[in-house]
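In what follows, chain A forms one complex with chain B and a second complex with chain C.
Right, the complex of A and B next:
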């Protein structure tokens, strides 16, 4: 019996093979989630049409997709900077909350009669962004310091810092920053420091423009500057980088600060663009879904924004389906994670190919076909 | 009970009893995680596994009303999760952190969807049968010791009984030695004829089973309900306990009680009206864990040397 597939000596790295296997993985994920639609009595094709038309078919829906995409993309960009530099940071849940808290504090300081009240509102907004970026940079930078100075494992440390950040914000909104009233939440920030809405008739706010700019900057930094080159080399092979005169520790530290700042800006955008006051649990797992988006983008900053819009759109579409057809919105999370899991799995498929001898019908199965040179 | 008496024996008994009670589910998950990490697999996916185990237990309890069967269902849900995770970690050789994080997102989606699929979209949450606290003759009536040690539900005693069992398997059996070898030096283990892949599958499946049961424990002994938010960080707490416990079952049990104590202390302080912010106490164990792994007090030789490193036999 001739085997149908045989192992290749190495993975097939041609762009066509990568595209083929990625498409295969996405289709398999769509089919699996489609089966879940079918089990609930919905026609899978109609369900997918509804999902995506809600998210991308109307200006209002598209605006919501952009709103959902903004924090995802900023966290994904933070992931790109950190992971490309060999810093396996997973503390974005905490960064997000720290960034939101810092933005709240700065924005509230610009309210009537407070310290920053005399400032023009655009300056107060810029200051809130800066405060958020700085707080997140310091937050993740501490983890970078622990890794570079003490050699600790940043994956485990950063996972633990998430809870310190979440609990810290819980403390702030039930204590020092708590607004009068029954709920643990901060005061509402004054409306002139909100991120302005950018598409009439939708909730899309200026955070998406910030995100696009950030993606461009991250791409420029990593691909067009000597510093970015050093970051990437430090991530690919720290020993070789050190041998080549790159100060790996300082580069990793810089990457951790940038990543934390980007993660914090996600919290800032959610706060000044959507929530407008600090509340517990406003992240809702975005710190991990953002990492998933970065993985899907294969850590390419330019692919991050479109994929974040796609993933944000899936969430928006699924929410609408839950309201309309009663199909649980959690199907979005299934689709979002299955796609990445199956793409990861498909990379193993590139080690295999169809057995060539199957195509030499009947003749000469044992050796090379006549007229062709024998292999090396 | 006045606020002035808050360090009295009533407070002490309430606090210690709650410490032990709250440490149970995370201890169970941490004991399993020790096996995964000792085999070289950082199973971040236990957070999602706990959630799916909780769902399986809830649905089984809802359908059958039998708590032990429901606990087994939780373990079965954990085994299924473990198979998928082990396939990603070992066979696909994906980055363990990546596979675990993505699996957790998948688990949240699956739990929400399957729950609604099983019970209908509009179903109001229904409570299910729960484990009753055990009553021991004489012992349960003891002052302080009675409530602290002899007033808990059966899964708690199971979790603590598994501590010596886990220690024995890890450090006194050939299987434990092979498992640790796979996590410490996979190449040497391979050369010695140990199948690293099989050991890592075993470690991941043990951790999946324990995490699934831990989820069942939460539903069947603590909450009696299922919600998608029922598991919020227990898996990551278990990871912290493994580190704080230096990858050993007995010390992990101590670490689990310490986490439980911090949790219970903030509950008791709120109850007795002391003015300490509860979040401070809650974050203390995480800060301790960070200090423990930061290397401030020297490198930890306890961490399995090949943790997080996929192994390709050649």
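Right, the complex of A and C next:
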């Protein structure tokens, strides 16, 4: 019997094949989650319509989607820089908190009667961003230093630093930075250093513009500069990089600083754009979801922003769905996870193709390869 | 039926009864073998017959289909069409296990041995030993000793494999197969890692096995060895058999023509070039490998403009560390290096490149290139900042593309397009890309390590031509190669490395394979001159 699919010697890497299999994976995830809607007694099509119309159908909803997308995209960009350079950093949750704390400290310093009060507000805002980037860069750069100087495993070390960052912020808001009052939280930062809102009638703030600019810069760095070339070669093949005269250790260290800085900007954007005061649990896992977004974007900086908007939008839509139709928003989380899982699984599909001898109209069936019976 | 390799059998069975009626069918016949991979017809109606007691060479360029044919015979691949007959009976071979049961065994280029275990432990490994019976290593060792004595293998069953030299490890692989009573041995490029003396020893073993009635297939592209040891040779080209002839009725030149389909210059055309001043001086260089073991013990040498200094030696005698130490790519513990009078001892790889060094590493796939990146990006490796605009901050894509294009044209790198990932290039084209990239920088010193390993005759010819052209242009070339033919053809002076030191240096005119072989094996060359004397006479 002629098998319908046969194994390829290598995966099909053409953009069309990747797009096709990704679409297939998303459709499969929608179908599976649709079954869950049906179990809840809801019409899957109507539920999906509610989900997406809330996230992308109204200006207000879309604004929320952008707000959710901003930290995701910045962390995903940090992931792109780090992972492309062969630095398997996973400490973005900690970076996010450190960045938020540094932005809080700088912003509070510009309040009435404090050290930076005489500065114009745009300069204070710029200083807050800079402080945040520097703090995150130093935070992740330490991990880079430990890896390049001592040969430590950056994955483990960076995962551990997440706890240090989270607990460090807990300490700050219950100790030195605690505002008077019952709750462990910092003072509210003065409103003239908030990130300005950019879409009238929505909560979307200037962080999204910063994110788009960052995506462009990361793309330019990696694709158009000798420095980016050296980062990528160091990431793909350290032996070849050293052979080509690239100082791998210094490049990895640079990548760790940039990645940490980007992760910290995510915290800054969340703080100066949304929360306006340092509170515990601000991150809520965004440091890991951002990595997932980067993986979905295949570490392509230009794909990061649209995917982050899509991902953030689904969270927004899910909340609306729960409010409106009473369907648990966890179904949307399941849908997101399914999409990730199935897209990753669809990589295997690219190793197979339809059996070409099926299309030969039996001309030379007899001599055709019997092929291994194959199927995903 | 008990498995054919129970402990009793190896020692109890009389093995001298392999003699066979010469009029009967040959031991192995492969008829009309067809194997199709997607996009490639690897074997297209291949026929191969190997008689009892015959040493049969399988010759062909890379990609000619000889590996595929042997993998079908050994059960790694399934044929799409054709028949395999063992002693006249059709055989199904669907796994290496079945192949061994049918008496077919293979010695791979990379040995499949557990280094921390003894020879006898390696030999019984993988056999279907019954868990109800105790492992009788004593008995197995006795059987191995008997096999070793009988075939002149000189293998101690109780030796730890990791302590044995490469040549002896290869004999362990052979004795493993004999212990399984294999009747046909396939050896894949068996001499690539051997000294000439070890090679002679291997050939003696193979001849004994053949006299014993066993058959041998050696897969190779070394023409002289075929003429020396094989009875018959089958030449493959483009998935077909180009010819199958007795070695007594052919010549190396004839075989080369059959293999490539045209005449090939086996002798490089070397013109006299006036030797220039010394451009590289190395004093007492010592270096360690990645594992921290010292592999280079105080080596000194001089290299002049317009000469090729050949570094001969068996693989693993410090040649790789010499090349890496010269580029500052491995930990250097002592010694000094000068390039044209400038002390570069403390310079980084980038600094040494800037001072005029270029290097073609032996591992072109994993060190010399980045498989995932395009030919354009690979052509830029090492000079990535040179063609940049805005003070070196922005890459000039047009210039990078132009450079890659010029490189591909000058060194005839064949590829579908310049954006093709380097990992998809054939070995020969990749080597031309790496060599061309290093030569396009017009360095004063070019270090090339195993430049033609694994390349087919056409590509070897091209690489040799480029190295000689570089020499004629006044470049100083350090040629590190385990291939004596290559060294003898190209080098002006030859230094032999053994145990991390230079055992002696000869002018090429005084060198021969035999003499170099003795030095490679560590024997003091009777009249090898110290380096200084050679300098004076040259």
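Just so we're on the same page, the second predicted complex is superposed on the first by the 356 of 376 C-alpha atoms of A that agree within 3 Å, B and C clash if a C-alpha of one lies under 4 Å from a C-alpha of the other, contacts with A are read in each partner's own complex, and residues count from 1 in each chain.
Methods note: a contact is a pair of C-beta atoms (placed from the backbone, for glycine too) under 8 Å apart; a residue touches a chain by one contact, two chains touch by 3 or more.
As the structure is a prediction and not an experimental result, all values here were calculated from the model.
On the superposed chain A, the two partners chain B and chain C both fit, without a clash. Touch counts on chain A: comparing chain C and chain B, the chain ahead is B. Measuring from the middle, so to speak, at the Cα centre of chain A, the directions to chain B and chain C differ by 80 degrees in steps of 10. In the superposed model, A:247 lies in contact with chain C only, and not with chain B.
Legend: residue contacts after superposition of the two complexes on their common chain; A:332 is shown touching chain B, with no touch to chain C. In the superposition on chain A, A:224 makes contact with chain C only, not with chain B. After overlaying the two complexes on the shared chain, residue contacts for A:85 are found with neither chain B nor chain C.
Between chain B and chain C, the minimal CA-CA distance in the chain A superposition rounds to 7 Å. For the contact definition in use here, the chain B contact set and the chain C contact set of chain A share no residue.
Partner chain C is touched in their complex by these residues of chain A: 6, 8-9, 224-227, 229-230, 232-233, 236-237, 239-240, 242-247, 367-370.
Interface residues of chain A, counted against chain B in their complex, comprise 36, 39-40, 88, 90, 146, 150-153, 155-157, 159-164, 167-168, 170-171, 174-175, 285, 288-289, 291-292, 295, 326, 328-338, 340-341, 344-345, 347-348. The touching residues of chain C, counted against chain A in their complex, run 34, 36-38, 78, 80-81, 327, 329, 348-350, 353, 359, 361, 366-373, 377, 380-382, 384-385, 388, 392-395, 397. Every residue of chain B that touches chain A in the complex is listed here, in rising order: 42, 44, 88, 91-94, 97-99, 101-106, 108-113, 115-117, 121-122, 228, 233, 236, 239-240, 243, 277, 279-280, 282-283, 286-287, 289-290, 293-296, 299, 303, 308.
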